[in-house]
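Labels for the chains are A, B and C, by order of writing; each one numbers its residues from 1.
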Amino acid sequence: MTNPFQYAPAPESRSIVDVAPSHGLFVDGEFVDGTGTPFKTVNPATEEVLSEIACASDADVDRAVKAARRAFTRTWGPMRPADRGKYLFRIARLLQERAREFAVLESLDNGKPIRESRDVDVPLAAAHFFYHAGWADKLDWAGLGPGPRPLGVAGQVIPWNFPLLMLAWKVAPALATGNTVVLKPAETTPLTALLFAEVCRQADLPPGVVNIVTGAGETGRAVVEHADVDKVAFTGSTEVGRSIARAVAGTRKRLTLELGGKAANIVFDDAPVDQAVEGIVQGIFSNQGHVCCAGSRLLVQENVHDEVIASLQRRIGTLRLGDPLDKNTDIGAINSAEQLARIRELVDVGEAEGAHRWQPACELPDRGFWFPPTVFTEVSPAHRIARDEVFGPVLSVLTFRTPDEAVAKANNTTYGLSAGVWTEKGSRILAVTDRLRAGVVWANTFNKFDPTSPFGGYKQSGYGREGGRQGLAAYLEGAQ
Amino acid sequence: MTHVLDPGAPAAAVPPRREPPAPYRDVTRSDAAFRAFLHGLPGVDQVGAEARTAVLATRSIKTTAKAWAIDTAISMIDLTTLEGADTPGKVRSLAAKARRPDPTDPTCPPVAAVCVYGDLAGVAREALSGTGINVAAVATAFPSGRASRAVKLADVRDAVANGADEIDMVIDRGAFLAGRHRDVYDEIVAVREACGDAHLKVILETGELVTLDNVRRASWLAMLAGGDFIKTSTGKISPAATLPVCLVMMEAVRDFRAATGRQVGVKPAGGIRTTKDAIRHLVLVNEVAGPDWLTPDWFRIGASSLLNDLLLQRQKLHTGHYSGPDHVSVD
Amino acid sequence: MSDRLAVRKTYKLYLNGAFPRSESGRTYEVTDARGGFLANAAQASRKDARDAVVAARAAFGTWSGATAYNRGQVLYRVAEVMEGRHAQFCEEVAAGEGLSSSRARAAVDAAIDRWVWYAGWTDKLGAVLGGANPVAGAYFDFSLPEPTGVVAVLAPQRSSLLGLVSVLAPVLAGGNTAVVVTSRARPLPAVTLGEVLATSDLPGGVVNLLTGDAGELGPWLAEHDDVDAVDLAGAPADRAMELERLAAGSIKRVVRPPAEEPDWSADPGLGRLTPFLETKTVWHPMGL
């Protein structure tokens, strides 16, 4: 029977954003031309070109770092901490004021559903500024040792999966601790960072405190390797993280890395199963699985495997894939053709390795980059889809029989960013959580974030924390 | 009229225990077995359940979908009056509204049922004859349920005899919370017998069960005992119908059908006052249990003031402009 | 002077709770500050380093899984046994570092006191570095410090006991296990510390002491995928960058060497504890 309740399209209006046909760099409080070869940013849901973006060359990056240094020495560094805080409060408020605009722009540029950009990315970004604003004049009380001082100029490179939110995670603590910033957004998602630059101007933030240099890997390399950068913060792939760690070796630069993950989401037979299924779905399909802490490995206790998978498949059947600007869309577009190719490649590998692929009946739009939610069952720990980060809507299901086996399989990865545990038994939650080698453990929930809550990885998922008291340490001299 | 309440009459014979459906034959053997079964159902994490309904509540239902949802919601309403001040006149006026909710628009569907106290079921029956609209009567010492089994069963028989097509009973929450699951079960079975051909809706009064775990357990208990519908609330206790409660009940009927093959309906009642509330419930039905439940046979909304809000929204969709309370009838 | 012929010790490695020779069979001559012969020490090879990492990994579960109170007790017990070897440490430090007996005594006193200081940290780190996070939602959310894992320590080359203790004790206090390359030229206090550790309650494998050349062993440890962190305190100045680059391969936590070996008697703060601690954050809903 066809469902009589067909949701009519409910698109969020695009008219709130006015995407300029071209964008410059944001250096020393001004939008300026770049001297590199400009590139185009496209809407991944339609392949429509949204804007032409300036590319920062080494010389442009140098100008940005100089501006940041000047601002650090002359304005931002000497400023009363309480006033720095007030600027951050202003920024937080402006993000809230312009929330709809940011959400629409984020969904256009990134492909993520408007429901997520509206209800998750943008409010959390504002919350990060709000939280850190309050720290600016209380750092002596942060318990990070006596007389914490800013490091200077922070060079920050962020990924395309949560463009504005990752910007907030980087910029808010850097500014709150008195540093100035040169930030490079991802090549495929520069637009909200550039809108954020406008917000900085609207807030009358002194020139040079925040500089935004757009470009690809070469621009990022220039930021990381610039001799006058005191601190490098990177979120992205482990592979790039490795090269950045090599690049800063032997320098005085401080480094924090937030890298990849292959999180285990462990479901015991006494789990609250409906919520566990929600957590699995949320864990791997939100943001199209473009999440470093995604619960990409489902470890389900063997005695409930069949019913959990049946529930999961039924639930996946209700996910709505399509226009990211439709308020009822659950799964948006894959961010780029490159990422789509990587997902396809790993899915092909999974099939070739003998895992069983399942996808719901799901119509994909003709244009743009799309991939349906995918579940692999009969996955062995030796399969590549159980080890490599797919960074897409692809779940690998493994089974276990005992808590020991669950922990052993969960930890059997080079990553250690996050994990999930689902059981109604309190002591088991604590025991399993204690033994999981992961920086964030969600027990009976998944993919929750908060500015007060430190986030970051063990092992090859990186080092340093973002958020909370612990996150401040990355930006303070003498912090312990 | 039959007079079933004769203090001198011998106590009604305890009906034979009705077997629950396979594969649950054994669970009613003892309170211990019952407890083991009900407490062995998967737990419900309240925060997760609330988060799920919060996301579902963001579904944006517009234009054609909204028109369909409004008409469907109207057709699912158990238009209710359960006041001590109810009179035959009040019930007749409600029945008239049930038949033609919007007198200016013949395309507006009728509601599913009119829900009244048992003594007024006859009035409702007469006012609704030939309309296809059912008469629902609350019974079993509604709303508290605090009366002897004999009184409750007499209440049910009385309402059925007065012409009720549907009986809305309340469970014994005291017994449920005290762990006397067999008592609760037996009473539902007995009421089921007393209903004869009438449909039985089992009110869990979730506001008194407090936890979503209890909502799930009580839902299963009621379904095992043969209830045709499970219903959230009497409307006399707050909170009444909430989205998380309805979520857990929709999961229960979905899982029960998967396990036994028998479909059970769901009726949230109390607190659903706006079109937005009603549509959120329909979205929940659609995405949790599925479209099989999207008919008045399997989903009802117990409400009174909701109908007027649906009518106002319906008029807005048809005319393109907003209306006001004087453009729909007072109840 | 007694004319008794001295019984010379044969110095060995301390590895997995035992005292093996280097699998390579190599030894090297240890002299005092004036060049006088002191002893032959085992010269650890890359295979010894490999074995040490295996031992440290195997011991990590037990050590990190012990209660913080228990770790504190064990570490304090180490200090007690060190105190019993006070005279021997003084002699070795004086000879190796060319210090007067009073300065050597001061260094040994400071080393034992530092060990006691770190022993007292084990059950405070959670409270000082962790805590509850007031997230905006119905969740209980807390963060706790946890040990990073297996830490390779290139011990300071000059300060043979105080320097060694200053880099090793914080690693252990945090719950990590260690593979230490001792000062090459001044290994004897480290050898004695190994004997102290072996006769304390520290489980075998928690500390593995390799006498030998940091320049030779450093790259193997820095590049080892099963080492989680490296402290380059005693790395040769011209090799530090290379070692840090190698460590990047498996995203190791790295503590860079200071430009000059510092005065280890300064208050250490938490600066050598936190680099070898991870923050684990746990969320759980709060519902009825």
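Basically, contacts are C-beta pairs under 8 Å (C-beta built on N, C-alpha and C of every residue); 3 or more make two chains touch, one makes a residue touch a chain.
A quick map from chain label to UniProt name: A = Aldehyde dehydrogenase (Acceptor); B = Deoxyribose-phosphate aldolase; C = Aldehyde dehydrogenase family protein.
Not measured: the values here are computed from a predicted model.
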Legend entry - Smallest number of contact steps required from chain B to reach chain C: 1
Inset, instruction - Between A-C and A-B, name the chain pair that shares the greater number of C-beta pairs in contact. - result: A-C
Legend entry - Centroid distance [mean C-alpha coordinates] between chain C and chain B, Å: 70
Inset, instruction - Indicate the whole-number Å distance between the mean C-alpha point of chain A and the mean C-alpha point of chain C. - result: 37
Legend entry - Whole-Å gap between the CA centroids of chain A and chain B: 45
Inset, instruction - Please list all residues of chain A that touch 2 or more other chains. - result: 444-445
Inset, instruction - Could you list the positions in chain B whose residues touch two or more of the other chains? - result: 45, 47-48
Legend entry - Junction residues of chain C - those touching two or more other chains: 137, 139, 285
Inset, instruction - In the complex, go through chain A and note every residue touching chain B. - result: 1, 3-10, 115, 119, 270-275, 278-279, 318, 327-328, 424, 444-445
Legend entry - Parts of chain C lying in touch with chain B, wherever the complex brings them together: 137-139, 285-288
Inset, instruction - Would you pull the chain B residues touching chain A in the complex into a rising list? - result: 42-45, 47-49, 51-52, 55, 58-66, 68-69, 72, 251, 282-283, 286-287, 291-292, 294
Inset, instruction - Would you mind writing out the residues of chain B in touch with chain C in their complex? - result: 45-48, 50, 210-212
Legend entry - Residues on chain C engaged by chain A in the complex (per definition of touch): 128-129, 131, 133-137, 139, 141, 143, 148-149, 225, 228, 240-242, 244-245, 247-251, 253-254, 269-271, 273-274, 278-285
